[in-house]
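Here it is, the structure in full.
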């Protein structure tokens, strides 16, 4: 995150300052940066709230203008933010080149999510096809994903998953194999009796994942004695199979917290900066 | 809990003795204090039983007088206890001032719960509006919460939660984020097919929390292939997400018990006093 | 289990030998004792099978004589075994007195379960009241409980529960308190909307325990927004509350196995005897 | 896996080379062996996919030739592979004798699963009885089980289960005992009220296993107060009982991973070979 050194023109100085504000850099501009990032998090959180409440017919009918105006404001804000980020990204050594660096930044996960959360709005302006507009609106969910960048909880979880990648993959592979074998056998046991519910192996996989996770919605369950026996066995095996990724995550999380606490005295646990 | 020293008038002496009886102080009056606190716990437990059984129509019809009389007795008992506690709270250094100390005591959590568990009864005496009386009766549930002050289990749990506050908040934040993102995506997948069940994102959150906790009442579940895939993934992620607060609590509890057992020889594990 | 020393008459010698055979004593008669105990376990296991299969109408109709004859044989076998055990129990120092010792043995848990598993059969012989006979037959379930004495798994579990008694009681108390408070609040939230399902707090406790254990049969669930919020919170709290007794049992079991394995070289892990 | 030394005829040389290719031996032919095993795993995985998708009526109707042709190709491939394996197995010291060694190889679990996954196909060629053909097709599921041989996850799980065999058996015995006792008592409590659902103890076992695993499909649940109390207790006990095998597996898995990681520098974690 060390900005590259350039000729100290006023323009470059402005760009560097904008970069520092946007990226929560330490040093000067720290106060403004903090204010900006709190504001940004708040707008993203309000967008999450708007996306959720917008789908409630009674609320949408009562405050139609509020939702539309907030949408316009958010898109404007996120668009300016996007353009600024693309402009200043060259301050980051990783994206140093004026053209290729900016392109590389634009195809990074964060920037793509950012773009996908605003671009569809502009398409809806030039289309009258309601079905297409409905699909394009879906992309607003990407604004929710932007929260994950600002959430300490998500970052910790990402690190834990990265730490325990091998174990998690191993236990998930076991889970998937068990699921396929159990569902295939269950299909042959239950299909003749309940051809409408256990209609195919993919349909039986829906039963299988819920049986292994002990969800049990009750929309599909075996009725033959052999099917019930297999379902009982599945519940036991399922709890065992789920115990593995669960236990791995829990212990990884505990280790992370412990090593985090050791650093605590000299380290801000939320932004990762040294005092 | 060290009582402040005052002029040894007879009145003050009485107040100090009442304080010692009410607050299970060590030293003299310990026997009476123990008897009083066992009596109080019993009356609170009987109130819990009365609140539970009072809602069974057959029992309420058979013993109408018993429930009313026990209610009158309890309110009287709790009222006298409340007045005594307000009178004697100044013996505690924390609430030493005769006026401001007593006010500070009255707005403490324990005293507020105490007040809310009896005050509504007096309002019901002056009102004939049945709807209002019904709502005021709800406040009797606060008597149940008074158990928590006298329960060792609740105190241990409170300490464990306080110890592990940061980890719990982190994992709950992750849980809430996952819930919002999964429910939003599920709403867009299932709403077109089941507009009455997945009617809005808040309605889908009800599905989401139950899917993540693997409750599965069966009143709402996806039917589209994509919805079912997301539901299967949710079950796996849900068990993983729930594993974190669960594992944190369990290990915190184990640590607490272990450090408790080390103190055991010289310490009563229930009241916390030294022998 | 050291037999008391008596005058070496032939009668006493017989009694001591019978005692050794019944109680798996070490020393001589070990082979016969092992054979007898395997036979007894087999008969108890076959009784469990008979109790289970007897309730299947088609099997009961096809082999009516088989079930009756096996019942007669079992009762005869268990009766002789009971009489022998009462006769020889005085060989155990604990029940040494010919009269009081035998009475004390007869009121021990094991002997009471033994008696309750056979005595009702004799009552059914002298009664023609079918309703009474049906109730008396229930007592055959006590034969299942006799398995627990011969099961290593049950003994290990008993020891683990005894080791962790304090922690288990504490966490169960917390579970019960949470259950009562959550169910009471849920009753007041859901009763006005679903008076037939959330008919009283005891009826709501049925919802509560299943919600905390994430069973979710689907016969009863909240429908109001506030009720659903509380149900979501209950699922999270429930998994947390259940984590405690579960974690305590699991770690107690692991500790038991570990300390058991250390003894393994010189010790039979099934009968507890030294080699 | 050390091949036995023989007279260096060209025929034996060929057999040894084929053996090395099939069994992923180290040394020369390693590249071809790796390619062959990746190919074999791919064909098995595609078979799994074909078995799953073949049961979807719409897909089966659209690509009838594709499924039949892939089936023919797979059977041919697996048949040649089987014959080659039987031919070359004598290169393994374990199956050294030309006749008895080959027979011993043919009754090994892996070879039997291999045979059962192809043999039924040939029977279907000579039969026109559709019911029989349908049953014979079931045996294709054995091809899924062949995945387990090539899956690292399954091998790890097998080793963990073998390591913790005693503990798992103990906790499963406890689980089964609890299940039988709880279901028997529940049968007597609920049968008089719901004779169609709790029709027999075996039928109640279906309720029992789901109650202990907290699945709760909702097709069967107690309605009497005593039955509900027992069901509540079962949920608590069930979670406790399931915690044991689950905890054992999770800790066994963690130990395995830890000891595995220590070997990692000099060892391929997937094929077990030293670098």
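Just so it is clear, A, B, C and D label the chains in written order, and each chain counts residues from 1 on its own.
Please note the rule applied: contacts are C-beta pairs under 8 Å (C-beta built on N, C-alpha and C of every residue); 3 or more make two chains touch, one makes a residue touch a chain.
Just so we're clear, the structure is a prediction, and the values are computed from it rather than from any experiment.
Simply put, chain C must spin 90° to overlay its Cα atoms on chain D, rounded in steps of 5.
In terms of the distance between Cα centroids, chain B is separated most widely from D. Note that among the pairs C-D, B-D or A-C, C-D reproduces the A-D interface, with over half of its contact pairs the same by residue number. The centroid of the Cα atoms in chain B and the matching centroid in chain C are 35 Å apart.
Averaged C-alpha coordinates put the centre of chain A at 49 Å from the centre of chain C.
Annotation for chain D: residues 202, 205, 214-218, 246-247, 251 touch two or more other chains. The part of chain B that touches chain C in the complex is made up of residues 48, 51-53, 55-57, 138, 141, 144-145, 147-148, 151-154, 156-157, 172, 175, 202, 205-206, 209-210, 213-219, 242, 245-247, 249-251, 253-254, 257, 269.
For chain D in complex with chain B, the touching residues are 214-218.
Against chain D, in their complex, chain A makes its touches with residues 166-167, 170-171, 173-174, 177, 180-181, 184-185, 187-188, 191, 199-202, 205, 211, 214-218, 221, 225, 228, 231-232, 235-236, 238-240, 243-244, 246-248, 251.
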